[in-house]
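A, B and C label the chains in the order they appear, each numbered from 1.
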Amino acid sequence: MSSEKPIVSPSPHLHGPESTRRVMGDVLIALLPVTLVAFLCYGWSVLILLLSGVATCVLCEYLINRFLLHRPCTIGDLSAIVTGVLLVLNLPPAAPWWIAVVGAVVAIGIAKMTFGGLGQNLFNPALVGRVFLLVSFPVLMTKWTLPHGFLQDYLPMLSSQVDAFTGATPLGVVKEGLISGGVASELAGSYTWQQLLFIRPGGSIGEISSVALLLGGIYLLCRRVIKVTIPVTIMATVAILATIFWSVDPARFTGPFFNVFTGGLLLGGIFMATDYVTSPMTTSGQILYGVGIGVIALCIRYFGSYPEGVSFSILIMNCVVPILNKYCKPRRFGKEAK
Amino acid sequence: MKKTFAMGGVHPKDSKLARKSAIEDLPLPATVAISMAQHLGAPATPVVAVGDKVKVGQVIAEPSGFVSARVHSSVSGTVKAIEPRTDLAGNLIPHVVIDVEGDEWLPEIDRTPDFKGDLTLSAEQILARIKDAGIVGLGGAAFPTHIKLSPPPGKTAEVLILNGTECEPYITSDDRIMREHPDEIAMGAKIMMKALGVGRCFIGIEENKPEAIAAMRIATIRFGGLVVVPLKKKYPQGGEKQLIDAIIGRRVPSMGLPIDTGAVVQNVGTSLAVYEAVQKNKPLIDNIVTVTGKCLPAQKNFRVRVGVPYSYLLEAVGGAPAKASKFISGGPMMGKAIRNLEATTQKATSSLLVLTEAETKRRAEGPCIRCGKCADACPMGLQPFLLNKLMRLNRTDEMEQEKIFDCIECGCCLYTCPANIPLLDYIRVGKADVMKIMRSRKK
Amino acid sequence: MTIVYTIAALVALGLFFAIVLYFVAQKFKVHEDPRIGEVESLLPGANCGGCGNAGCRAFAEKVVAADDMAAFFCPVGGNEVMAKIAATLGKEAVEKAPMVAVVRCQGSPDKCQKINQYDGASSCRVAASLYAGDTGCKWGCIGLGDCVNACEFGGVSLDPVTRQVSIDYSMCTGCGGCARSCPHHVIELRPRGPRGRRVYVSCVNQDKGAVTRKACTAGCIGCGKCVKVCPFEAITVENNLAYIDYTKCKGCGKCAAECPVQAIVATPIEK
């Protein structure tokens, strides 16, 4: 027998491969494709934003743990890095580096650590950071750059727009157009399906490519990090509602395909709404949550003054999560004995 | 598409290291210490005195309550002491200690290897034999078998289910007996079917034991009414409620008993013991124990007499290496860690598992990230994260509302938790609290 | 004009809701003894449960309803608070000696060797329900700190190295929360004693002397020397364990000097 004393513990005596760090690492891997596409399309500014955002998140969490909360360092669980990357993916590509720093401080310092750190926060930290920036620096946060980087010579769908260096997002174009008396179907029709799926003109860094986001989503599903429930209910809700509105009045409302593959719906639906901490824990709760996000997001797009509302809708539904957790119970095994 | 249970479950690596090792007889030790508490319920009362000569199979203790079972001597020799000794958890339990002298069996026990397939006894006679032989469920809970085979008034059994799933990683004892004694197990099932008055029997075996499935299929050809059901590999398929759900698709109600679905579940090991008791007159004095672990020099399956020290079992495979740091009686998911290696095996001991620190040491607990994986893994549809929290706040009422008493303590929640929160540790204590309150309310 | 309409509408709404609220309040009014509130305000408000009630309010309700205060005592507030309550209610308070919690175990690792490592949840209750503990003694302190968490007053601390529990007697209110949380009943409430002098057997091991001795050098072996030396017949040995009856003990400390294993503790005078 070893010099160490034998170990005694209650069962089980084995643990599965799951760990918080592995989950967060998987999210980072799933974000790689879209980050890469964004880098190729927007160039070095993406890298600078990523570095400043992630470094600030990590530093912020370290300093708060060390000097304010006097708790052990928790940056090893990689959750601060995930928050940083998600925050940066929600910024416009032309944003200056300090925007990422301010957003990261708000995300970690206010949205995460004041609630008690990982697992305690009510709102998605990256989204709180983004929304804070959006309402504080509205001009900087809506200055969109068209994709122009290393890829422009290779992708014909980009070259048509290369002369215009800045422009609005598709959703923004539609909103502006409708206000000045345009027709929704024509405005939306100016974007080809290739653009919406592969390289989208205009939008946040992480909204660049729907396909890259879906790839990341499939990876997360295969690794069982997320379940299909939330992304699918969000997309289905948006698609169904948009179909109804669109068929009623195609001149005022954009169609389902356009709505699912523009704006932050995929980025939000796959990566932000599925955040464990701020989403419901049971399937029934997740369905209600997904439907709520879809409805609110589409309502903001159709009737609100902002062109895009995924961030707001996720944050609004985050508020409802505790009550969903309380009332949505899993299906129990077996009926009540009489 | 093979069957399995519908809700929850996890897939630990099966690590059946000893599956190729045929059952060997473990040499007799110099002394055995036979526990009086080898079954669920009150400890048995010794009926021998210090200095008495006993033979193999002789009764040494009588049951002292309804849920209790007889204990027989597993060796021949002299009773050296009747005293409290520490069990594997370190608690004092009355033991009968016997010095081994030779190996002299009671003459009425049939020790020939011949298969006896004719059954003339009535259901009552069968139950009496099983009771006299001190047979308890060998699946782990050690519930006296004769009680389980006598459904309470108002309930009727429709089907017998034999549990050959062996869903715990590492353990191979049931696998080996199904491969080596399929006829006896099938005959045991036939005997229990007669005792219950049922015409159908399903034998559930997980697909990672193809040889056992094949052997049992051949054996069942000769008997009518027995069907082998291969099952997908998923833990905790061997749980009674999960097995009934997997095989006949019925769910035991909350707070109910398996008999409420018309099913009686017995382990294949119990079936073999029933065959030996009824056809061969042999009481339950030995069972198959897998001695296994990646760090051990050899992994073997032994036929072990009741009351052998765990340390003696370890010696039989060449002793534990220096890096061995956890000794477990039973499987890695539900087995009990052994504090005291001088404690002795019991009727329902299925395995001695040795793990190293790297394999078993728990990782540091982190904050709950509310991923809900524990709830997804729970085969009973509970919310372990919530129960754990309620227990830490001592909210017994809410734990009861959240059906903590349905917990089968399978350990899936703790196995799967990314934050390594000791969910089951707390739930187990909370469950004991709630059960106590519910019992006191009933009175 | 708009302003007038707005003000009128708001006033009307305000009046309407005021009337609704008034009727609702009347309908659901609960009549209660005003003395309950008075008594509650006298109590410390820690809601520790040391009196045996669910909290200070529950205690107040029961005291006010009861004819006699003999069965009620707030250990945290002590005689002072009880006297005030008695004055409020016009009843007679029963004086009680102030109590403190004492830890009846000295099995630090140098005296009581560890024989295995516990690797489960860090809770005494979990460990106690699992097995007989990580030392040779299955009776004593488990050292995982359930009592530390139970103490509402921050008076219990756990030595991070020796895992020994110590109680800060200046903080201890004698509520008994720690004693109730201890699955091995190692913590006992005893009178503070005259000028803080207390004598007690700091061991709960009921094993036979030889077994105890093997497990822990500070364990009571039930030799009975203390029984013989005690001039007040305050000490009894039962189940191989000496116990000092604090109603008889005068705190002379002779037993502590006599004990061969130094299991009897005589606290020095505090402050």
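In the analysis below, a contact is a pair of C-beta atoms (placed from the backbone, for glycine too) under 8 Å apart; a residue touches a chain by one contact, two chains touch by 3 or more.
For clarity, every value in this text was computed on a predicted model and none was experimentally measured.
Taking the mean of all protein C-alpha atoms as the reference point, the chain centroid lying nearest to it belongs to B. Comparing the CA-atom centres of all chains against that of chain B, the greatest distance is found for A. Centroids of chain B and chain C (each the mean of its C-alpha atoms) stand 42 Å apart. Averaging Cα coordinates per chain places chain A and chain B 49 Å apart. Inter-chain centre distance (chain A to chain C, centres taken as mean C-alpha positions): 51 Å. Within chain A, residues 4, 6-10 each touch two or more of the remaining chains. Of all residues in chain C, those touching 2 or more other chains are 115-116, 119-121, 126, 130-131, listed in ascending order.
Those residues of chain B in touch with two or more other chains are numbered 337, 339, 360-362, 422, 425, 428.
Of all residues in chain C, only 115-116, 119-121, 123, 125-126, 129-133, 138 touch chain B in the complex they form.
For chain A in complex with chain C, the residues that touch the partner chain are 4-10. Taken in their complex, chain B has these residues touching chain C: 86, 89-91, 337, 339, 360-362, 422, 425-426, 428-429, 432.
Against chain B, in their complex, chain A makes its touches with residues 1-4, 6-16, 18-20, 22-23, 77, 79, 117-120, 276-277, 281-282, 329-338. Those residues of chain B that touch chain A in the complex are listed here as 7, 10, 12, 169, 241, 245, 251-256, 260, 320, 322-328, 330, 332-339, 353, 355, 357, 359-363, 366-373, 375, 378-383, 385, 403, 406, 409, 411, 414-420, 422, 424-425, 428.
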